[in-house]
Amino acid sequence: MNVTFFIQVLINGIAIGSVYALMAVGYSLVYSIMSFSNFAHGGVIMLGAYIGYYSGALFGLPIWAAILAAMLGCGLIAITIERAAYNPLRKRNAPPLYYIISAMGTSILLENLIVATIGPNFKTYPPLFTERSIEIGKIAIGKLDLLMLVISAVSLFLLVFLIDKTKIGMAIRATAYNLRASSLMGVNPDTVIFIVFGLGGAMAGVAGVLFGMRYVVYPQIGIITNKAFVGAVFGGLGSLPGAIIGSVLLGIIEVMASAYWSSNLQNLIAFVLLIFVLIVRPSGIMGVSTEDKA
Amino acid sequence: MNLSWYYISGILIFAGINLMAVQGLSLLTGFTGLFSFGHAGFMSIGAYTAAIVTSWLGAPFYVSLLSAGLFAGLISLIIGRLTLKLKGDYFVIATLGFGESVRLLFAFLESIGGARGFTIATSAHHTSLFDVVLVNAIGLIVMVNLIHSKHGRNLKAIREEELASRVIGIDVFKYKMSSFFISAFYAGVAGGLFAHYLLFIQPAMFQLIKSTELTIMVIFGGLGSITGSVIGAILLTALPEMLRFLNVWRFVIYGILVILIMILRPKGLMGGQELRLISWTRRLISKRKGGQA
Amino acid sequence: MKRLLTLLLVFLMVFSLVGCGEKPAAGPKGNTAGDTIKIGWIGSLTGDQAVWGTCESNTLQMLVDEANAAGGWKGKQLELVPLDYRGIAEESLTAARRLTTQDNVIAIIGPNTSGGSIALTPAVETSGVPAISTVGTNPLVTVTEDGAVKPFNFRVCFIDPYQGAVAAGYAYDVLGLRKAAVLYDQSIDYSKGLTEFFEKQFVHMGGEIVAKEAFNAGDTEFKTQLTKIKEADPQILFLPYFFKEVALTANQAEDIGLNVVMMGGDGWPSEQLMKMAKDSLQGDYFVNHLDYKDPAVADFNKQYMDAFGIAPELNGYLAYDAFLVLKAAVEKAENINSVEIAKALETVEVQGITGFIRMDAATHNPVGKDAAILKIEGDEYVFQQKYSIVPVE
Amino acid sequence: MSQLELKNVTKKFGGLTAVGNVDLSVRKGSIHGLIGPNGAGKTTIFNLITHIYEPTEGEIFFEGKPIHQLPTHLISRAGITRTFQNIRLFKDLTTYENILTACHFNAQYNYLDAIARTKRYRVGEEVLRNNCELLIDILKLNDQRDILAKNLPYGYQRRLEIARAVALLPKMLLLDEPAAGMNPDETIQLLEIIKQIQNQFDLTVLIIEHHMDLIMNLCDRIMVLNFGRVLAEGTPQEIQNHPHVVEAYLGEGGH
């Protein structure tokens, strides 16, 4: 196997990794504030893919408008889920693991709601390009992959910028540091949670549309987020750069394992590696380990 | 409508199989405070072990159940050794990774049928309702006795306050390992019952959704309540069947119910309370006796 | 301790007493139709198989309505009892227990997975009700591991070995290709089965498998596998799985510049396939049961389109044939009794929509069903020829 | 001879020295006070003794044996236990269950005994329950026995935590601000209880406290910490008159 092959595989890995990253940042944002794994995130991504599909198919919106519509729609949906399924638990100071169950109920609900209303059929976005790939020497790159990479990079950059450089971002980081203390600093945790779910939902919207555009839309696509979840853990739960780096790394590792070892073991390797990473670095690559405080 | 006992007993057998796994998970989650999304993995290990033991070695059914539990337990010791030091969600995720790995591994192993599945020898015992009830009854007695001992109390202490438990001399890691082992043992036995009920198993039967369903049963019934686990397992196994009249909407309702229980009764149906069936019946009996006298 | 023991004893006594009633009498009596003939169906209405399941249930409801309008079978009206099993094998057993004893159906059509079709065997054997699998292609659906036929399990589809062998034979013989690559879904038995027998046949005939790559159900990215396949430079790429993944594979092959003849099985044909990947699939072949130009097929397609606003999937055709097979058996049986119907099914012969079906009493598989080879040209599936082969053992 | 001995113990968090080069020696049967302003490193010392933190440098000996490498649960098995500044009870268990759990050392039976309810189990449980009753009597928690720990009034929560610690029948008890948040009446009661259990169970006590009356009344010796370093050590009289202490700590106007 030669250099062209390696580069081709690497590009594939980064392309997959960027999808995982878009999904993983939503997890990570919520985790950083609420300290629980939001398993309903996959459901929101799925809804994003549907919103994008219908804004294109029914209203004839161009792709950028479909993405905006999905961001808006998913942001609202994520906020609604927070209000309905998590907020009552927060008011009662329930332990994080109760949230997980509530999230799972939500995820079951969303998937089946779509099956019951829209139906189980696959939906396809209209093709964007007639010529599917550009060739550079012997390497072929899918235009969709490229577009996806660009959109992912832009949205991830905007998100990181928002968190790092703006006042809202600072409030979010303060809240992530300590939910209760932040209220002493004049930050209203309710507002922050509201914003975080909105942002996470918006990112889910982008991820959903890109996923739907590149692949296909059906009620069970939420399951792919399990991988994004692994990516977020790789990077360290609650760390935004960690989620991005971890996801891209996972994408690359997966394709490399498949390219140089065996494609039979691709998924197995991802999960075994997950356990391995946790054993070696119990808080992921970028995660902060915490010592018990007495 | 005329209900068929054959149908209902079929549901009850599954409820019993789930209950066996849920009992173990209840110890882990409700009494030790550890969440696992990998117990379908232990169930599948038990199922394959039991199936192989009866089909290839011709061992009796109950021997196969025991080996299913022990083998699942053995694996849990290895996994526990590696992951029980992880905190909170990281442990949950590690178990999720374990469950998925096991499933993918079974699908990969052609010698035991791979993805196409494993068929149990037709001469093997077929799990009956009686078996399920017997195994669960034994399981319950063991579990209740365990919980009402100092070992059970130590587990509860770990659930409540890990640091304080260490300070009063509880070897937290060792107790977590025991709890993980016992829960894996129960899941393994459940897998054995499952395999011999269907007489055919395939890796696809042990997906992540199975693990989460088991955990939902524990929490639905109420953490820290064995009675709750019994109710949770039976009710939630039967619920999808009872909701059949809703057609495609039945799992929408199922999802809503799960959320509602979390919101309205965050401690689950029983929430740490045990239904004192025995004292209740005794009171009833003594009252009746009093009435006759 | 004592209290618990007492509780246990009471518990056990109650249950073992009731449990005794469960043992079946020697030789099941089966269900006999009352005023109406009840037909059970098990399939996915939810879960990731719901696309196929919904099509089956729609088709059957349409056929039942049609039959009722025409006076029913033997003068009795039909009633379809459809049960969802979410694509989860063990739920098909519970559903079968209900259909056979509570709903008293005279036969079950479905389910659409091999796993589900194998899992319900204990229930149909206890109750003596035949089950006709639509697309359960694993040989073990109708025979045990020792090769003995299961008395109450039937199917109307090909079994895995046949399609795989046909594809290999056609590629080698007719297309004259010698170097093949395979990409398959290692988590579903259909794909594994086809792969196994394609490989066997192709190598047996003198061809070479230059690459064999795998993925898992739920995966959507195949470029790495395809890049590896491209490196191996095959003449034909065999894709034995369902249209959703086939479309993604074909598009991604295009993305990385892998231009090679592709071939697949009956999981391919669907309106969705053409919608998703028509351009990437031009000139590729698949093995199928039927010729879409056949008037019977075209009629059904139109009827289905009119009723549901969407084209039927392959499962619809097979559910259609399962219904025809059942109808023939009911007519042949002296009484509308499930055990007698099962007996009649063993020798039934019908002209189905997917070909001529003659049930083999020794295997409960349809025999003599020719495979059709179709080619994708423009918007059409163009019928090439009927092709049959004796698979290597 | 000293029962507990800290030799040159240092704990650093990142670049920050929480405790630096502390030497401490606690005599058997004494009540030893540990005072100092907030953040002086008092609780850190408790955490180092009970090995919740790993010492960066230095050694800790208990009854002549090194314990700084033992895990927390073995340190309590060796005879040292503690309470927490921010109260860590088993919140969803009752008073009775909290104490009963902590009694677990006093009966030895294994899982199989428990499952089969052997004689060993029954005898063991009997012992545990008797111990538990005794402690409830001594700490006057009779009226609270069936109340969940989280529902107890604050003062009782503190008292229960002490009861839970004593249930281990330790040789040394570390009390971290036991009187925090108590009113003067409760503080006096607490003083009595500490004295009583120290007598009855033959305990060595190491106590962190801000209530100066309590400390001065109770302690045989006192160590004063400031910024992680030992400022002074001596009898209550010596400490009260120590110029550095008066300046750095008592002068602060304190508590």
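Going by the order they are written in, the chains are A, B, C and D; count residues from 1 in each one.
The definition used in the following text is that a contact is a pair of C-beta atoms (placed from the backbone, for glycine too) under 8 Å apart; a residue touches a chain by one contact, two chains touch by 3 or more.
Model, not experiment: these values are computed from the prediction.
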B-C compared against B-D, more contacting pairs: B-C
Closest chain to global C-alpha mean, per-chain Cα centroids: B
Per Cα centroids, the chain farthest from chain C: D
Centre-to-centre distance between chain D and chain C (centres being mean Cα positions), rounded to whole Å: 70
Distance from chain C to chain B - Cα centre to Cα centre, in angstrom: 33
Centroid distance [mean C-alpha coordinates] between chain D and chain A, Å: 47
Inter-centroid spacing, chain D versus chain B (mean Cα positions, whole Å): 40
Multi-partner residues of chain A (each touching 2 or more other chains): 112, 115-116, 264, 267, 292, 294
Multi-chain contact residues (two or more partners), chain B: 104, 108, 163, 248, 250-251
Shared interface positions of chain D, touching two or more other chains: 52, 84, 117
Touch list for chain A against partner chain C, complex: 1, 5, 8-9, 12-13, 15-16, 112, 115-116, 119-122, 124, 127, 130, 132-133, 135, 140-142, 144-145, 211, 214-216, 218-220, 223-224, 254-255, 258-259, 262-264, 266-267
Residue ranges of chain B in contact with chain D within the complex: 142, 145-146, 148-154, 156-157, 160-161, 163-164, 166-172, 178, 224, 272
Contact set on chain C toward chain B in their complex: 3-4, 6-8, 11-12, 15-16, 18-19, 21-22, 45-46, 83-84, 86, 88-91, 93-94, 97-98, 100-102, 114-115, 118-119, 121-123, 126-127, 138, 140, 144-146, 186-189, 192-193, 216
For the chain B and chain C complex, residues of the former touching the latter: 1-7, 9-11, 14, 104, 107-108, 114-117, 119, 121-122, 126, 128-130, 133-134, 137, 141, 144, 194, 197-200, 202-205, 240-241, 244, 247-248, 250-251, 277-278, 282
Footprint of chain A on chain B - complex, ascending: 35, 82-83, 85-90, 92-94, 96-98, 100-101, 104-105, 108, 162-163, 208, 212, 215-216, 219, 248-252, 254-259, 262-263, 266
